[in-house]
Every structure is written in C-alpha cells, then in structure tokens.
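Consider the two complexes below, in which chain A is the common component and chain B and chain C are the respective partners.
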Partner chain A sequence: MSGPAPGAAAAGRERRRGRIGWLEQTLAGITASIEHAVFTEQHARERGFLQARDPRAKLAIFLALVLAASLSGSITVLAGLYLVVLAAAGASHVPYRYFVKRVWLGIPLVAGIVVIPALFLVPGPRLFDLPAGPLHVAPSLPGVVGGVIFVARVGVSVSLALLLVMTTPWADLLKSLRALHVPQVFVLILSMTYRYIFLFLHTVNGVLQARKSRVVGRTSGAEQRRWISGTMGALVNRAFKMSNDVYAAMLARGFTGELRAYSTYRMRTTDWAVLAGSLTVAAVGVLAGPFLP
Partner chain B sequence: MLRLVCRSYRYPAAREPAVHDVAVEIRHGEIVGLTGPNEAGKSTLGLLAAGMAPAVVGGAFDGYLEVDGERMTGRPGYEVAQRVGYVFQNPATQISQVSSTVFEEVALGPMNLGLDRAEIVARVEETLGRLAIGDLALRDPRRLSGGEAQLVAIASLLAMHPAHLVLDEPTAQLDPAGTRLVGAALHALAATGTALLVIEHKLDLLDGLCERLLLMDHGTVVRDGPAETVFADRLLEALAILPPSRIRIARAARAAGVRFDEAAVVAALRPGPGGLDAEAGR
Partner chain C sequence: MSAGGSRPSHAIELEGVSFVYPDGTWALRDVCLAVPEGGRVAIVGQNGSGKSTLLRHLNGLLRPSAGRVLVRGRETAGVPVERIARQVGLLFQNPDLQIFEEQVADEVAFGPRNLGLTGADLASAVMEALEAVGLRGLEHANPFNLGFSRRKLVALAAILAMRTPIVALDEPTTGQDGRGLGLVEEVVRRLADEGRTVLATSHDMRFVAETFERVVVMREGAIVADGTPDEVFAPAAWEVLRSTHLDPPPAAVVGGALGLGSTPTEAQLVAALRERDARYG
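Moving on, here comes the complex of A and B:
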C-alpha cells in the first residue's frame, strides 16, 4: 500500500500547523486586546473637543443621547444622532477608520442575528417571495424596517459608549459615575475588573509564550487539548492568588473603596453649553421622531 | 513601634503553619533586614507585619500585630495599610493600572490619604527626584521596563511617608545603580523615623543598610541580632545564603593563607548608606 501523496502530506502538515497557528492567533489576539486598551487611553489624553469636557458632563450627555436613541423609532433621527457622534469623534481626534470599524464590524454579528427572525415573523406586506423547496423566504417590509431601526439604535448607542470610553481616562470615568451617585460597590467592581483584566491577560500571555518557547516540533490535537485544560486549571489558581494580591496592593496604597483621580473637576461655561446643547438635541430627537420617517 | 507576635499562621487550606513562634519588634527609624532560604516564610512574615495576612489573604492567625501600641488584629485591611505600607515583590501588582502617567501613579497613594494638592505635588516631585526617576514622570506606567516599574512601585509607597514600611525584595529587578538609589532612599526614609522591614536575598544590599538582621528558616526566626553578627554567622552558609561580599573576600583571603586582621578589614570594607552591590564590584 502506498503512502499519502505529497500534496496530501503537505495538506496534513498545514492542518497540523493550523492547530499551532490557532494557539499563536490566540496569543496575538490577547496581546492585541491589551494594546488596544492602552491605545484607547492614549486617545483620552489627547487635546480634543470631548477630552476637554468635564467627565461628569460627558457622562450626562452620553446617557441623554443613548436614551434618545433608545426611544427613537425614526431612522432619520438615528442617522442625525450618528452624524453628531461622528462630528464629535472628528473634533476629538479619534481616527474615523478605527472608530467606525470597531463598532460596525461587531454589531451585524450580534444585533443582526437577533433581528433575523423578526424579518420574517412580523406581519405585513412582503418585500419579495423566494421559494426555497418547501419554504418561502419572504421578509416583510415592517420587519425589515424594524430590523434596520434596531441595528441603527444599537450602532448609535455602542458608538456613543465607545466615544465616551475613548475620550475619558478610566479613573475619571469611574469618578464621574460616583458623582452621579452610582452605588460605590458597582464602581468598585468596575475598577477592580479593569485592573484585573490587564494583569490576567499579561499572565495568560506569559503562559502561552512560555509554552511556545519550550515546545519543539509539533504536538498532537490530544496533547494540545490536554495542555489547554491543564493551563486553564493553573490559571484559575493564579487568578485567585492574583486577585488577593491586587486587592492587597490597592489597600497598601491607602485605597478605602473611594476612587480618587488626580485631575480636579470644574464645570466651565463651555461644559454647561455643550451639555445644554446635547440635551436639546436629545429632546428634539425624541419629540420629532414620530413625525419623521 | 511595630510589634508582631505570631504563635502560628496557616494559609487557607494549608495543614502546616507557614510561620510560627515569632516575636519581632521594629522601632521607629530602625531598618531591619529579613533573610532566609526559599520557603523559609519571609514573605509571609512580611504580610503578617503589614497586616495583609490574615485580613486580606485569609488563613488562621494565632497572635497579634501592634502598631504604636494599638492592636491591629481584626481591623479592616485598609486601616492597617494606612499605618504600615507594603511594597510587593512584583511591581505589576503594585501599579494601579488606572493612572496614565508615572506622576499620577505616584500621586495615587497621597491622594488616597486626602492630602491637599500642593502637598501631593511636593511629595511626588521629591520622591521621583530621590529615586532619580523624574524623567519618567510623564511616561505611561504600564509601559515601563521591569526595573523602572519597580522604582515607580517603591516611589508610590515612599510618597505616602508611611510610619512603617515592609518591602519584599524591593530590588529584585534593579540594576546596581537602581539598587544603590533604593538603598539611599530607604536610609533617608528611616532618618525621618520610619520603621523599615526589608526582605531580601541579596545580603550585599542589606550590608550597610540595616543595623539588625533576622534570619528565618522553616517558618521561624532562627537568628535576630546586630547585622554584623548575623552576617558572620556560619549558619548563613549552612542555609545556602551567601554572606556579603566583603566577608566572603576576607574568608577567601584567609583560606588562601593571607595573614591580616580579618575583623579590621571586614569592618573597614563595610559600605555606607545604600549598601554594596556585588555586581558593582566595589
């Protein structure tokens, strides 16, 4: 019996490489996540329109506009709100390509999948009727309109959230949450989570790199799975110890549960004006929505 | 004064105590070194002295911690932490991750103490200058090298002017110059009345830095006395801990047949504040 053809052997090698490649991709993804988070904070330190605003005003603006987007059933209003978001992003030196891509690459996967049943289940005139064996693909016009509005709402809300996070240092954001009387325990959990994610990702990164540097040649799928499950167990142990260390280190710095940021807050005339303008835009959007397509 | 009496301390789910039968007192202005082989219980003793164990770490503790005559046992971790600072071995743990510049990072502790802004700025600038890391002030603390991060972590505690400070291998990732700076900064801190407990493997750092040295083994203190006496104790070598360079050199010279007054030479070679770096070859 002859052995596998050279092409098949090469394909087999590629498949095996693919398994190792998956690990490398995971490693690269984790590193990219860390880098992105750091990168985001860099934007928050730039001199731009939103960066210059008081974080409490920004948070209030964000909440008002998200509320307006959630209450609006008009695609015109949602498009208008999105244009406002894009204008604010431009004035804050947030790179459009990164900003738009980060929002719109993920949303169709999440919100789009959620609305698919509604396209067919909402009663109304059908856009078209495509027979597919015993089934008919026949989306309704109200279903499609509702789906587009839903995706647009999510898109505008996520864009607002991203813009807020990108233009506000994390410590300031948490402190402004406290200023708006968000319960301290909630803010504390957010603060700890943020710190912990960084350290945990670094640990995972280190574990994967250490493994990569020690492994010579290829490992079988079974070995890979064994290693991954073993690593997950070890990471749980490390994570537990690290959570203690992180908390203890915060205590060692005099942390009492109340967040303190070095920057002091002062609402200037411009902050009040921008806040008033945004509240007006949100109110107009909600009130005018029923009269617009 | 910091007083720790530990009859027994066991980590959660551990069967054997990590530290037992220890009584340590550290007076204001005193720098006490703590050394010992791996698994001797040094870091655990540090955690107990800083009130982190059992308050944060958990475990079963039979004993008490007293700071300036006040019992700290049973108090919330943050209350104890404000009386006794703790510098972690791994600077990544200490860095807050919520500050975007080193200046803000070092300012975080003083801010938590509720100091006014002018005082915070003065303390941060003074601490950064003392550790010669003023040029890092505007750098992102998450993007520092290991040595730089360690200096920033130490600075973040020094800026709080703690009355008592425990440091767990504070120079593990530092080069000789950084090690000397930390040594000098600790001396200056002790001169202001701070009680310091320095956990360290490198006895060359402790040489010239501390007047008193504790040697631990198997969870208990087996030597507690003047640093010169403990450095000269043969038990150090029995526990595979290298004595300071000057003592090893003197012993090597004597073993090679060189005739000299060993005690006088060893005393003459004693380094000044900041300790001696083996790597620096002084």
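Moving on, here comes the complex of A and C:
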C-alpha cells in the first residue's frame, strides 16, 4: 500500500458507489487531499517564487499579512491582499483551481456556522423581508456587510496559511520558528503534532475502509452519526498511543529533543526586498483601511 | 569485561525479567536470556507471546517490572533510552511508527545524526545502509509513497545506519517477497560477520532455521525452548513448537523423515531424494 493512494482511491470508489454519507466522504476526501498536498510536499519541492525564498522571510511575511487581514475592516484592502496572494501563488506554480477551490469551498463550512446567525441578529436596516410561515427571513445590512468581511478575512488568512505550508517544507518552517525565537519546546510540540496528524489521518482512513468492508447494506444518517461519535473516542485514543510510539521510536534512535538542521539558509537581497515589499503592503493596508469601503 | 572478570562477555543479559503492562497484561514471565557478543538469536512464538515486549526491553523503552536487563555488562536501569540507543538499534515491528521524515535519506540519517555523525561520515553511513537493503536510488523518495515492504526496508536501513554493536529486529521479514527476504538474510549475515550481535523475531521458520545459530521459543511471555535450529526443529521438539502454534519448517520435517537432521540444505534434500529415487525407482 502506498501513502496517499489508498485514501484517494477509497474516496473515488465511494463516490462511484454513491450511497456513502457525506460525512464519510468529506473525511476521506479531506484526509486524502491533506496528505497529498501537504505531506508529500509536492508543491514545496517545486521551483517557484516562494519556494526560493528564505523560510524565515516567508514566515515573517505571513505573520505581517495575516495581522493586516485581521485588523482590516475594509473589503477593498482584503480584496487587495487576496490579489497579492493569488499573484504569489501563480508565481509559485500552485495550481489556481486547487488553491482557490480548497479555500473557498471549505470556508462556508466553518465560517457559515458563525456568520449566519449574525446576519439576522445584528440590528440595522433590513435588506429585504421574506415571510416564511411564522418566521421572517430578513437579514440586516450591517449584518451582511459584517458577515462578508468576516468570511473574506478568514478566506485571506487561510489562503495565506495554505500558501505558506504548500511552498515550505515542514522542517524548514519549524526551523524558522526557532529563528524567530519561538521556544524550542513549542517547536517540538508542533513537530510532534505534525507527525501525529499524519498518523491520525491514516488511522481515520484505515478505520473508514475497514468499516466499509464490513458494512454491506445502507446505513441511516443517524446511525452514521452515532458511529462517527463512537469511533472518534477510539480514534483519539489510538492516535495518542501512536504518537507515543513514534516518540519512543525517535528516542530509540538517540533523539535527545534537539532538532537538527539540515539545510542552512541565507537571506539574499531578493528575500530582503520581498520582505520589505510585503511589510509595506501590510502597513498600507492597515493604515489606509479606515478610509476605504 | 566486568569487574568480576569471571563473567564471559555478553552483549545482552536478561535476568529473571517479568513485565506487566499497565492494564495488567503479563507479557513477560521470569525471562532469562544471555546472548554472547556476536551472537545471532531468533525469537519465535505465536502472536502475543511477548516477542516485541522483550525486544523493547533491550533499549529501555520498557523497563522490567521485576528482574534486570544488562547491555554489554552494564545494567540499563536509570540509563535513558537515547543513551542505550548508542549500543542497541531497534527495528520496530510497524515501520509507520518509526518513519516520519519526508525523504528516505533524511529518515535514514536521523539516527546517525543524533549519534553525532556529520558530513561525509553521515553520508557514507546513509548510503551504505541503503545499499544493504537494496534501496539505492530512492534517497529522495518520500517513504510514505513506498509500499509496506519497502517502508520496512527503509526502517531497517535507518537502524543499520546507526552502526550499533547490537541490532534488534522486530519481524524484519514481514511482508517481504523473495528478493526482500534475501536482502534481510544477507543483512543479518553481514552483521554477524562484522561481529555485531543480532536478535530478531520472525514468523518465517525457514528464515530462522537458515539464518540464525540459536532459536528461542516463547509462549505466553515465557521461554519454552532455547537451542540451535537443529535442536529446536528436531522432531522431539515439535510438540513444544506446535503448542505455541508454530510449524517446523518443511525442510525440517522432510529432513527428519530422510534422516538428515532438522536443518538440511536444499541441496542435501535434493541429493537424498535423488538417491532414494535411484534406489527404489
């Protein structure tokens, strides 16, 4: 069995069978795509604009732009930031369709839950009033504007994060955290989390497949939810044991808790220039935001 | 040599080791085992008989509930795993619990780098190990894109690259095809030739009979037989073997019937059968 293949293959098979619950399909799809995109570091190893930058510069740029996005209440600034992100993604050979779809299809799931009540609860003039039985569907203008800005902010931040992760090998990312004086313990926990997530996803996929091969008939939504919640406990347990084992295996190879660096980086002129440019963009965004729609 | 001077030099000594998992499972019961420097010992037994638990005691990942573990004459109690790791390399049964780097070469370099190897020494340790398991040319592959058997070989290379005097292999043959099996056999032989001590668990009785000089049979956490392959696979011991759901290798059965002992080579078997053919046929 090879790494990402089983997840992807299983997802495909499930889609063809057509009577698999969306929950399982989403899980299988997410695990397969995360594994493929992040874990194989397929894009991080390409020769693109961002891949060539010093990871420390990239991390600093990322932090500055995310800060700008979260401070900004202006849709113009957010749109501008997103354009910068798209341009950088293009220059780094990150496939647009994949990049755009991943982010904006995923966000409604998360942000929508937070935003939808706000659309109706925020006081202000109503956009329209649609009577639906005893209820009135009447979103308020400030509620909708707030919702759009919230979704845009999340979208831009997630895009930035995805771009950073996709164009930087994980080990380099961790090393640059150290360079920014993030405590060693924190970096270690992060590095363990990464291993842990991977193993966790594998377990999820394995369990789903094992279950699939045992469940012949149709299962109801309620049954599926019960199964998922029951399984989650067992999975967390198993993943915890796994991460313990992985750590044991590292100790068994003489690991003393010190991350050793393999590639050494040097900030080049381009890195400094890109860093300065991004910091300017972030500053302009934050400062100009209040004067823009 | 130890201070006493009378003790022969042992790579590994287990003295009355018992181990109970936190959930109350008795995984080892009063195990006594001494392996001389340069010894080649196979540990066999049915699933759950305690083989992996035993190996995890060798580098201190598990500590005995009772009894003592000595590595090269020194008691391991109180010595951290990462220090014992300089003496004992342990191949995990499940390679996925061992592999975490994104490139085969990085994975194999992890151990020796922790032991302080750098530069050309590190590179040659990695290349030599990859060569030994037949994975040269896959240095830059992502281990997780390789199949199970090759992931297992990556994990094996990662242990070999540490060049420890003692090597413990938990089921190195699982999932290997003929070629992989041959590579693993070759690895064990070469380690022995270099004077290093090898302990391995396996369910492949042919591999065990042909590659090891001593076989330890475990059942329910205890050692129930311990001897040369000839002794352990001899008809007299089959009952003990079968009590732990192991079958003697076919060669031992045929060899026993032909009066060739229990570890005949293929060539000896063929010759004996030919002779019988000629006599009766």
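Here is the rule we go by: the second predicted complex is superposed on the first by the 201 of 293 C-alpha atoms of A that agree within 3 Å, B and C clash if a C-alpha of one lies under 4 Å from a C-alpha of the other, contacts with A are read in each partner's own complex, and residues count from 1 in each chain.
Quick note on the criterion: a residue touches a chain if its C-beta (ideal position, glycine included) is under 8 Å from a C-beta of that chain, and two chains touch if they have at least 3 such contacts.
Everything quoted here is computed from the prediction, not taken from an experiment.
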Which of chain B and chain C A:A248 touches, first, second, both or neither: both
Contacts of A:T256 with chain B and chain C, given as first, second, both or neither: both
Which superposed partner A:W170 touches (first chain B, second chain C, both, neither): both
Partner chain in contact with A:F49 - chain B first, chain C second, else both or neither: neither
Doubly contacted chain A residues - partners chain C and chain B: 41, 169-171, 195, 198-199, 202, 242, 245-246, 248-256, 260, 262
Chain A to chain B touching residues, read off their complex: 38, 41-42, 44-45, 169-171, 174, 191, 194-195, 198-199, 202, 242, 244-257, 259-262, 264
Interfacial residue positions of chain C with respect to chain A in the complex: 59, 61, 80-82, 85-86, 89-90, 92, 94, 96-98, 100, 102, 106, 109-111, 113-115, 142, 144-148, 158-159, 162
Of chain A, residues touching chain C in the complex: 1-4, 35, 39-41, 169-171, 195, 198-199, 202, 242, 245-246, 248-256, 260, 262
Touching residues on chain B, where the partner in the complex is chain A: 47, 50, 52, 56-58, 77-78, 81-82, 85-88, 90, 92-94, 96-100, 103-104, 107-109, 111-113, 117, 120, 140, 142-143, 156-157, 160
